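Chain nomenclature is as follows: A, B, C and D, assigned in order of appearance, with residue numbering initiated at 1 for each chain independently.
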Amino acid sequence: MVIVMAPTATDADTAAVVTRVQQIGGEAFVSHGESRTIVGLIGDAEQFEDLNIPGMSGVDHSVRVSTPFKLVAREHHPNRSTVWVGKPGRRVPIGPRTFTMIAGPCAVETHQQTLEAAEMAQRLGATMLRGGAYKPRTSPYAFQGLGRSGLEILADVSERTGLPVVTEVVRPADVEDVVEHADMLQVGTRNMANFSLLQEVGHAGKPVMLKRGMSATIEEWIMAAEYIAQRGNLEVVLCERGIRTFETATRNTLDVSAIPVAQGLSHLPIIVDPSHSGGHRQLVEPLSTAAIAAGADGLIIDVHPDPASALCDGPQALTSDDLDHLSVSVRRVREAMLRVPAEAEGGTGSDPRAEQASLGHA
Amino acid sequence: MVIVMAPTATDADTAAVVTRVQQIGGEAFVSHGESRTIVGLIGDAEQFEDLNIPGMSGVDHSVRVSTPFKLVAREHHPNRSTVWVGKPGRRVPIGPRTFTMIAGPCAVETHQQTLEAAEMAQRLGATMLRGGAYKPRTSPYAFQGLGRSGLEILADVSERTGLPVVTEVVRPADVEDVVEHADMLQVGTRNMANFSLLQEVGHAGKPVMLKRGMSATIEEWIMAAEYIAQRGNLEVVLCERGIRTFETATRNTLDVSAIPVAQGLSHLPIIVDPSHSGGHRQLVEPLSTAAIAAGADGLIIDVHPDPASALCDGPQALTSDDLDHLSVSVRRVREAMLRVPAEAEGGTGSDPRAEQASLGHA
Amino acid sequence: MVIVMAPTATDADTAAVVTRVQQIGGEAFVSHGESRTIVGLIGDAEQFEDLNIPGMSGVDHSVRVSTPFKLVAREHHPNRSTVWVGKPGRRVPIGPRTFTMIAGPCAVETHQQTLEAAEMAQRLGATMLRGGAYKPRTSPYAFQGLGRSGLEILADVSERTGLPVVTEVVRPADVEDVVEHADMLQVGTRNMANFSLLQEVGHAGKPVMLKRGMSATIEEWIMAAEYIAQRGNLEVVLCERGIRTFETATRNTLDVSAIPVAQGLSHLPIIVDPSHSGGHRQLVEPLSTAAIAAGADGLIIDVHPDPASALCDGPQALTSDDLDHLSVSVRRVREAMLRVPAEAEGGTGSDPRAEQASLGHA
Amino acid sequence: MVIVMAPTATDADTAAVVTRVQQIGGEAFVSHGESRTIVGLIGDAEQFEDLNIPGMSGVDHSVRVSTPFKLVAREHHPNRSTVWVGKPGRRVPIGPRTFTMIAGPCAVETHQQTLEAAEMAQRLGATMLRGGAYKPRTSPYAFQGLGRSGLEILADVSERTGLPVVTEVVRPADVEDVVEHADMLQVGTRNMANFSLLQEVGHAGKPVMLKRGMSATIEEWIMAAEYIAQRGNLEVVLCERGIRTFETATRNTLDVSAIPVAQGLSHLPIIVDPSHSGGHRQLVEPLSTAAIAAGADGLIIDVHPDPASALCDGPQALTSDDLDHLSVSVRRVREAMLRVPAEAEGGTGSDPRAEQASLGHA
C-alpha cells in the first residue's frame, strides 16, 4: 500500500502515519517528492486497511498495489481450476481445456416446456441444463417463477436427460431446497453483492455459478467469489453477463475483456451468458463466438420451444430454427481455440483428451 | 403500449399480434406507416407485458407508454406523502414541508462511540440517528458490523437521546430483530434489487429507507419501492446516494436530478446521503446544500468522534470541527427553500407550521 | 510517480527502472513489499511520463501522485480567479464572490426572436446573453445554425441590450469571426477534446467558456483548459453541463460534485448549464438552485419566446411564464450562499461589495 | 428522401431531378461531394415515390427516410459494402468477405522506427500500415506527433513496403496535406462529433476510417458516418475502439456487440482496434480473436520495435515477440469465420475467392 500525503501535509502528519504503521509491526518508507510526500507500506495489507490511514490528518489518499483476494487469486494458484458439476460418475467439467455448453429455458414454466427445452439444449451440444425456478423480476407484478415445483421439474428433466442442472437461488432460506434438487447453484447479477446469500452458498457443498453484478467491477466480482470461497466452497464458476453502460441498442454491454482480465486475476473458470448480454435473439451467435474466441470456458444460453409464449425474456431465447446454425459456428470457433466439448465423465465413451490431442493442443 | 413491427414484418405477423391482444380482451389499432407498421394497444398494460409480444414473429420492439408502478406512483396520488418515524408521541416526520436531518456513525463500534456520535448528530440539528450494526462490505475480510449487539447499542443510545434510529438490514432472517430494536429499516444500495429482502421488509410494520442501487435507473428504484408497498408497507422513504459512472474523482456521482424526477413519478419522500455519494469529508457540505436546494426532504450524514480510527468509511465521516459550519450552511439553504426542521412530535414545544408560516410558505 | 512492479518482476527489471530514472537525473526509491516491489520516483513528473516506464519489462503499472496541470492548477494559485467579460467599462465578472446569470436562446433563428429572448434573459436577472450561431448537431440534416449572419444578429442585440454575448465556435477557421462579434467564445461539449480548436481559442484574446465533454473526467476537462491556458489565454470559465450515464430519465446527469471538485483542483471559475443537463424545462429550476448551493459561480440557461417553434432543443427552453418563479428561487438560494449578482461595471451604480457586506459575507 | 446521383451524372441530370421535385411542391437541396452529388428532398415522401426519380438519367438510387441515417443505412442497401484503399492496381479491400489486418506504430517517431514497425506489421500478416503524424493528446505537454514530416515518413515507408497507409487527421486545415500523403484518413475518437472535420473529410476523395466516440451510442456513430457520406464520400469504414464505462481494469470496454449491431444498421464495413480498447499488450490477442469471431471485417493493431521507448501508448504496443503467436491465433479464428486475408489487388497472385472456396464459404 502507498499513502499519498496532501500538498499541505506537515512533517508531523507524515510521522504520525509512520508511527501508526509501525505500531502494528509494519514498515513505512517515506519519499519526499517535489510537491508531494509518499509513504510506502510493507507488511499485511489487510491490517493496513483496518488502520484507516486515509482518515488521518494530512493524508490525501491511499493506493493499493496488490490484489485484495486470496483464495481465488491466481497469484497464489497459477494453474487455472476446473469445476466439476453433477452426480458422481456423470460429472461435467468447466475449466481451461474443455468448453462447456449450458442451455435451457430462462424460466421453468411447465414440465413439457422444460423437457422440450432440454432436448433443444442437447441439439445445441449442451451437456448441462439451465432453468429458473426462482426469478428475480424488476416488477412485483411479473411472473416470479414456479418456486419449489419448478425445482422438481428441473430435477426430473435432469434425471431423464442425464444433464446436470444449474438454477438460481435468491434467498438464503432457499439454499437447502435448491441444493437438494440441483447440481449447481446460480447467484444472479442482482445478488452478486448480497453477501449473506454468498456466505450461505459458501456452505452449500455444491458448485456455484456467480454472475457478475451489472455494474460490478471485475475486482468486486472476484471479491464476491472470495466471499463464497472463504466459507469453504472453492467450486465457483464466474459468469460474465454484460454490464450496464450508456449504450441502449443492447440490453447490456458484453464485457468481453473481462474474460482474459478475470482469468489473469483468478484461477476460477469463467463462462459467458450471451442471451442476457445482448437481449436479442440475433445477437446470441456473434456474442457466443466472440466469447469463445476471447477464451471463455463455456456458455450459458436461453432456449425456448416457443419463445413467443415465454413468461420471461422471450425476445432473447433461441428457437428450434436457430440451433443448427449456432452449433456449427460454435464448433468452428471452439476448434480454432483448441478446445474440446465438455462431456460428462464416461458419458459418451469418448475421451476429451483424445480430441484435444488431435486438435494439436499443447 | 405500442408495438413497432420490423420493416420485414408480414401482414400475417401483424394480424397475429392483433389476435393475441384481442384474446385477452384488449384492443389493437394498426397504423401502416411509410416503412413501418405500428400497433397501438389499449387495455391492461401489465397483461400485455405477460403476452411477450416482443418475442413474436415480425415484431421489432415494444414501447411502454405508461409508468409501471401503481401504489407508489404520484399519478394516482398527487399529494406527496409524509412518513413518520419513531415511538408514538415522539415521531419525526419525513416529507414535503419539513426537512429531516439524520446523522450518526457509519458503523456502530462501541457504546461510547455511538453515544458521542449521537451527540454530534444533535449538534448538527439531527432529529434522527443512523448507525450500522450489519455492514455489507466488499471484502469478506473487512469489519462486518457488531450484529445483534450493535442493535442493542443503538436501541440504548436512541432511548437516552430520544432520537429515533434507522439501521440497515441485510438478510430476510434479521428483519424481526431489527424491527425490534430500530424505528426504521434501511435497505442498502447493494440490496435494492434483493427482492426477497424487499418483500420481507414489506411485512415489517415499520418504515423503510430504500437506498438507490448504485446502477439502478430511477424507474427501477421506484419499482423496488413498489415491491415493499405491494406487501402492504407504504411507509417508504427513497434515498439517493450517488450512482456509478466513469468519473473516479468521487466515490459515486450524486444524481441530484433524481430528486425532482423521483418526486414527479412517486409520492414517496426522498432524502440524500451526501457522505456515501462523494466519499470525501470536504464534499459533504456542498453536496448537502445542493441536495436541499434540489428539493430533498432530508439528509443522512456520517459523523464519527474520531474518524481516523473508524472501522468503516472514515474518510467521509464528519468530525466535530465540521459540524458548526455545515449547520449554518444547511440552515441558510433550508430557509431559502422555505422548509422547517423536522422536529419530533411535541418534542420542543415549537410548532413546525409556525416557523413555516414565518418563512412565508404558501 | 510510483511504479508498481508485477509479482513476476525480476531484480534486474527493477534495476532497469532505477537506471532509466537516474539517467535523466531523477531519484528512485525501491520498496520491496510482501508480494510486490514498488519504486517511488522523485523529480520532474513530466519527464518521467516521457520515459514510458509502463512499457518496460516487469512493470505492472504506474500511479501518478501529483496533478498534471500547471497554469490552471489551484495548487500553485490558491485564490480562485475572476474572469471579466465584455467591452471595457461594461464588463461583467464571473468569479468566486458574485453570481453570474447568462441566458438566451439555444440557437439564433431571427433578429426578432433573439431580441425577445434577450429581454426574457434580462427579466430573469441575466447580465450576459447566450445564443448559438454555429450549432453542432447529431444529424447532418438538422438545422446547423445561421452562421455568420447569426453572429451579426447577436452583436446587434448585444449592443441594444448592453448584454455581453457568449457564443459557440466549432471550427478553428471561425475563431476570428466569432472574436469579432462576441465577447466570449464557447467551446462545446463535443469539442472539449478538439485540441486544435482549444489551441486556436488560446490565441483568441477573449475569454472562453469551456463546456465539459459529456464523458470527460474532471481531470481531462481541466487538462483541456490547460491547453487553452498554455497558448496564453488564462481567461477560461469551466461549464458543467451533465455527463453521460446509464440513466435515461434525464438527457444527461448533472454532476453537481464536479463543482467543488473542480474548484479544489483549479482556480478557474465554474458555471453550470441546467438546461442541457436535464433536457426538460421543469428540471431547470431544481438544477439551477442545486448548482448555486453547490457553489457554482453562475448559470447559463436556455430561454425562447416560443419554444414550440424553436429550431433546436425546444423542450428544455424556458418560456416567459417560467421566468418569475425561477428568478425568486435563484435569488433566495443565491442570498443563502452569500453571493451578489454579477453586475456590469458601473452598470447600475450599485457596488457588489456593498450588498455582499450586507449579506454578512466574511 | 435522398437521391444519390451516379458518379457519372451531369449537372443537367441533377437539375432535372430538382425541377421535378419542385413541380409537385417539394424542396430539393443539392450537395456536390467529391465523387457523388446527392439531392435531399423535403416534402411528402410518398409523393416522391410516385415521381419515379430512380428512373431518371444520372440517378444511382434513392433512399427513403425512416432510420435517422439515409446514405449509410443498411435498410436501403442490403448488401454490405467493401471499401478499397490504396493506389490503383494495388488496392486493399475492407469488407464482408475478406479480413483486413492493419498494423503499425501508434505514433511515427523516426523513419527507422516506422520502417521497422511496418516490417513487423507484415510479419503479422498486415496488408495496410497505420501510423500517427498528428496525435491528439490529453496533455498539451505530451508529444503531439511529428506533423507534416511524419506524413512524409509514412508516405516513404508505404512506398517501400507497398502497404497503403491510414493516418489520423485532426484539423480541417490539414485534410489536404493528409490526402496528399496517405491512402486513408482516420477520424479519431475525440473528433467523432467534430462535425466540421467530418464535413471536410467528406470532400476528401479518399476513404475514411471513423473511430467511435468513446461515449457515442452506435446510432450517433453511424450518424457521424452519415455526415461524411452526405458530402459525397461513401468510402467510410467504422472502427470500434472501446467505450468508456465504470470499469477501470481496462483502458476502455471493447463493445463487441457493436459489431453485429452496426452491421445490421449500416452497410459500411467495421473493424476493431484491440490495442486502444484494452490498453494492455496482453489483451490484444484475446480481443483480436473475439472481434474476428463477432464478425469484424478487420483489425487495426499497434506494434512498435521498442515499446519501452515509445513516445505514445507503449504499454499496449505489441513487440516482435508477440507477433507469431497472434498471427497463428488470428489465422485460426479467421478461418473458422470463413474469411480470407484481404490481399492487395494482384499483390500475391493468389485469388481470395480461391481460398474462400476452399474454406467452404457459401
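Just so we're on the same page, contacts are C-beta pairs under 8 Å (C-beta built on N, C-alpha and C of every residue); 3 or more make two chains touch, one makes a residue touch a chain.
Please read all numbers here as calculations on a predicted model, not as lab measurements.
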| item | value |
| --- | --- |
| Interface with more contacting C-beta pairs, comparing A-B to C-D | A-B |
| Self-contact between copies subunit A and subunit D, residue sets same or different by half | same |
| Inter-centroid spacing, subunit D versus subunit C (mean Cα positions, whole Å) | 32 |
| Whole-Å gap between the CA centroids of subunit A and subunit D | 35 |
| Gap in Å, rounded to a whole number, between the CA centres of subunit B and subunit A | 29 |
| Of all residues in subunit C, the ones touching two or more other chains | 215, 244-246, 248 |
| Residues of subunit D that touch subunit B when the two form their complex | 45-46, 64, 66, 75, 215, 244-246, 248 |
| List of subunit B residues in touch with subunit D within their complex | 7, 33-36, 215, 244-246, 248 |
| Residue ranges of subunit C in contact with subunit B within the complex | 215, 217-219, 243, 245-250, 253-261, 264, 277-278, 282-283, 286-287, 289-295, 332-333, 335-337 |
| Interfacial residue positions of subunit C with respect to subunit A in the complex | 2, 4, 7, 29, 31-36, 38, 40-45, 63, 65-66, 75, 215, 244-246, 248 |
| Complex interface listing, subunit C residues touching subunit D | 46, 49-50, 52, 54-57, 61, 68, 136-141, 170-173, 190-191, 193-197, 199, 214-215, 220, 223, 226-227, 230, 244 |
